[in-house]
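Heads up, there are several structures right after this.
Below are two complexes that have chain A in common, paired first with chain B and then with chain C.
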Partner chain A sequence: MPGVSGDTSGAAGAWRALVRPVVRTLPWRAIGVAGGLGLLFAAAPRLLGEDATGRLALNALRMSALAFALGAAFLLDDPARHTTAAVPTRRAVRHTLRLAPVVPVAALGWTVALLLVPAGVRPPVGGVTLEAAAALALALAGAAFAVRRSDSTRPGQAVAGALFTTAVPASLLWPERWALFVAPDDERWAAAHDRWTVLLCAALAVWAVCGAEPVRRRIGGGLGSRS
Partner chain B sequence: MTTTTTATVTPPAETAPAGPRASWAAVLALAGFEARRLLTRLPVLLAFAVYIGWTVWRTRTSYEGFPALQDADRATQTAPLLVGLAVLLSVNQAVLRARRYDTERHFAVLVLPPWRRTVAHLLSLVPAVLLVAVCVGGQFGWEALKPGALGNGSPGELLAGPLSVLLLGTLGVLLARLFASAFAAPLLLVVLLFFSLFAAMPREGDATRWLMPVVGDYSIRTLPSELLGRPAAWHALYLAGLALSVALAAVLVSGEGAGARSGSGSGMGRVLRGRFVGNRGVHAGLAGAVALTLLGAVMQTGGVPAETEKARTRYSTAPQELQKCVERDGTTYCAFPEWTSRTDDWAEVVDRVKSLAGDAVQDRSLVVRQRVEARYGLTSDAAMDPLTAPNQVSVGTMWGGNRVPEFAVAVAGVLVTGKEAVAGTLCDGRLVTVMWLALAGGSDPLSDLRDIRVDDSTSGSAVVVSQTEPLSMTAAHTELVRELLDRPREEIGAKVTAHWDELTTPEVTTDRTAQLLGLDAPEEADECQE
Partner chain C sequence: MTPTVSASGLSLHFGGTRALDEVSLRLSTGVTGLLGPNGAGKTTLLRVLATAVPADRGVFTVLGHDPGTSRGRQEVRRRLGYLPQAPGFHPDFTAFEFVDYVAILKELTDRTARHREVRRVLDEVGLTGVRGKRLRKLSGGMRQRTALAAALVGDPAFLVLDEPTVGLDPEQRMRFRELIAHAGEGRTVLLSTHQTEDVAMLCNRVVVMAAGTVHFDGTPAELTAQAGGRVWSSAERDPGAKAGWRTGLGTFRNVGDPPDGADLLEPTLEDGYLLTLDGIGGVGGLGRGGGFGAEAAA
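For the complex of A and B:
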């Protein structure tokens, strides 16, 4: 049907038309600073030279992943959010468009971070990358949740704060039965990374669910109400 | 237009027409409001909940009910950092709130110049800090009220927790006044966490580690309080000075320009916005605070003082010169001055072990001597040499939990072999007697046996932990000890008393011991590990 094909070409056109302004409004500064910090953390074991141990390198990489994730928490900060709420392009599409340019940057940054760690003390690449991806996905899910549940145009700081204040106690107090933060030589490494996979999938699911614009918005409710 | 309004309505504070008193009342009112908000922010509530919950959970069973207060004060320091992180984040958000909602220019027409608003935000930290201080006091008080508590806490160590929260909070305010962007605070948190991670690597004698707010020395054994050698008071001064400096620096950088420029776009990246405050008092205060910080920072890096080193050597090599001895039921107990109240607990164990051996050992006069190896500092794990004098038993500085059966083994070892040095090298039938004497009197001998063995096993061969030289049990010894523990205590006790002389000769074999105590010869291997 001509109408349908017209619609799709229109959607593709809209996508193409949206890419440039969306890329322009991305919080590149936050992402850049956080990424730079993450790379700095990852470089620490190399700077320490002989003193670096596997444990320290793993911690440095985890901190690096946390820094990347904190940068990603600002991804959905969009001062123009309320003006674009009425456009025909769905929010899920807009969110995906915001995410798309960041993913290669994050992948590149993480690759560099991994390479910065000396090969001798580098933890298993797959496992650490999974942890980093889960952290990133949690940050994104938090941002999407905040956007869905509140009217705030800049939920980034609250999300980053929540992520950070959860990550620190979690790494200290997480119950041993469901251990997440384990060392590579630990026998629970594989089981822990199954849990990380579950976490990653759950976070991605939250991101996807929260990507939809709510049918009806409660007035003044939810997170980040005017303070 | 905004700028014009600002210039006419809020002249410099010194000449404010409203008068300083009204202005300070407004500061206090704002501080009260911000303090309430700060304490009810989700991260702060969450952090307090986790902090208090975890502290209560841990303090219930900490130190096995026998805390030394010179260790307990240090244990109050780390957990408040979590609250500090949440406070940093929340206060930073609170200072930036006006900018986030673009109400900065409304504030500009009020009587309060920006620097006084900064002061109000700084004051809003006080209730949170006081609450942490109350929690720290509560935790320490709980430890001090435990029946087994002894030793002396240090006010300097107790202050470190609340002062770190204050320091982190003031950092949050300063950060908000320096960088208007919302992502500065979370990133600062990660940087702080990262540095704490690297500074956490224990390096003895490294002066820079004292620059961190909390310096934990996780000692494996307790030292008498005068041997700690931690510059706790200077460190508290350093923290207080640093918090004050950061606070005054935050006031200093919130000049008139800081508030009035809210309209300048997203405002990110303006590194140093606003002009400096011209108040003389702030300048002088900042100079004084920096001087305090430097004083504390320099004094705390002195390392362990020479007299402490000397005292450590004295405590380690000649404890008898420092100890008070009391005699009870034929046994002499020599304890360091801070530990004299623990004599009763030791006497209970000694009496229990002696009563099992019955008449054979009633006239043996033991000396229980408390010892500590302090020469290698707080974090060392150096073992003590066993005593070579006859009838002397070492006891360490810690008590409760596994320390009790360990001490019982030491007492039984000296009763059976005569000398602690001999008991450590034991590898014959006598070990069975030693272990039975040590364990049979306890309420749950099998779990005690598991606790004192390195691999937590109750079968096979294993090394038995001790304050001095570890003992090693063969599989045959373990088998016999378990069989003995299953039998009635009185029956075995009578046999031990009857055959005491033969059971305690160095020539007795494991098979012979089994025979004397009425057991079958052990089936398992009787080979000592070397």
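For the complex of A and C:
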């Protein structure tokens, strides 16, 4: 736009200039509540003192990871979505900019959660962190999918609800052959975490695919069938 | 003259619902009004032309670019302003901050030039005095003007406005008309509305849609002329009229096929619009002796 862009460097310049306003548009209240709940779950073994067991610590951290993921489900809530529906800054860029400030916050929160669990009963950090990362990625994928498939400006509540109602029965009813929720002393621990890795990669792929706006619409469904 | 928008055979389905059906359209400089009943496909057409949603079928170009390609869509969006039907905001932003945010999204990254542009559009929509106020504290009309400022920022060549005057009081509507008329000078504006007065006062061209298709495309005078000789006055409601309602003078204004010797009246654009819709089955046409007329007379 002549006379307006000045010495603009286009998309790269927009990235830099967007950081501050985008940080202000993030749903910090939902993220804060979820983070607080996650830390509360992680603190449970310490509050129980000597009664805490390794199994309890593992479940507490899994609940903590679920709470963090529920907060992440709100990340793409954007009341101005329709007002900014036809701007040249790509949706993938906007999604990435929304995610970027939350990643270090989530990493810090998870580190605190791990440290809250007494070292004696703490499960293997790598494995449980992989589970937390996969849960977070699933929430983000769900949010991105909801944005792609619906016109909702606030899909977070529905995505968080779906994640919660799926996670609890899944932990109880998941087939033994593809076990995910196993204890560290279980011989299937390594195989289960291979599956968590696959879940993490699949969720990140869905996030990436849904972040791209389709230029053509495919009739009959699929990821590309709405906006 | 090269048209700003040239669309051919645009179609869009949502599940089993046909929202757009083979719509073809050419838009040039000036204000074009888009009229139609609820569910006619006006908003869907605007969203497609604004590149907010892709079409299933059909081809179109905007400002010489093909939005069916990623690069083409980017180019279109760089020169497009879009005011959606229900614009949303970040309520903790001030009017200035919100328009500035949209300006950054429109890739206006030079801070000084951008702020100058944001001040210009806020001044254009009459919000200079409240630009530092948080959006949650502004009235509905002021928020609507903020959304218009966001659409206008960057001086777009093609402006898409979806029912911008809905919910505004008469004074605010008049102010909006001034803004839209001003915006239409030298650029292409597509304005969706239910208000036939908006079209009569603002538009040099009008398109009537129903059931996802275009049923009329011409000037407001041509649409008004559709009702020429088909509007008459009577002391009682004429049962042969397609629609009729009591006016403030106590007489009935009837629309339809007049009886011999009827006291014919000057038609309005609304009469032409109603009679255009009446020829279309199943989309809320007037219906002889009832429907719209019966409700209006009751």
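By definition in this document, the second predicted complex is superposed on the first by the 207 of 227 C-alpha atoms of A that agree within 3 Å, B and C clash if a C-alpha of one lies under 4 Å from a C-alpha of the other, contacts with A are read in each partner's own complex, and residues count from 1 in each chain.
The definition used in the following text is that contacts are C-beta pairs under 8 Å (C-beta built on N, C-alpha and C of every residue); 3 or more make two chains touch, one makes a residue touch a chain.
Since the structure is predicted, the reported quantities are computational estimates derived from the model, not experimental observations.
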Of the partners chain B and chain C, which touch A:Val125 in the superposed model: first, second, both, neither?
neither
Have a look at where A:Ala160 lands relative to chain B and chain C in the superposition and call it first, second, both or neither.
first
One more residue to check, A:Ala44. First (chain B), second (chain C), both or neither?
first
Looking at the overlay, what does A:Ala85 touch: chain B (first), chain C (second), both, or neither?
second
Looking at the overlay, what does A:Asn59 touch: chain B (first), chain C (second), both, or neither?
first
If we overlay the two complexes on their shared chain A, which of chain B and chain C does A:Val33 touch? Say first, second, both or neither.
first
Considering only the touch criterion stated at the top, classify A:Phe74 as touching first (chain B), second (chain C), both, or neither.
first
Could you tell me which stretches of chain A are touched by chain B in one complex and by chain C in the other?
79, 226-227
What residues of chain B sit close enough to touch chain A in their complex?
37, 42-43, 46-47, 50, 54, 82, 85-86, 89-90, 93, 96-97, 100-101, 181-183, 185-187, 189-191, 193-194, 197-198, 201, 266, 268-269
Note: in the complex, chain A contacts chain C through residues 1, 3-11, 13-14, 16-18, 21, 24-25, 78-90, 94, 153, 213-217, 219, 226-227
Touching chain A in the complex: which residues of chain C?
12-13, 47, 50-56, 67-70, 73-74, 77-80, 82-93, 97-98, 100-102, 104-114, 117, 147, 150, 154-155, 160
Could you pull out which chain A residues touch chain B in their complex?
27, 29-30, 33-34, 37, 41, 44, 56, 59-60, 63, 66-67, 70-71, 73-74, 77, 79, 154, 156-158, 160-165, 168-169, 173, 226-227
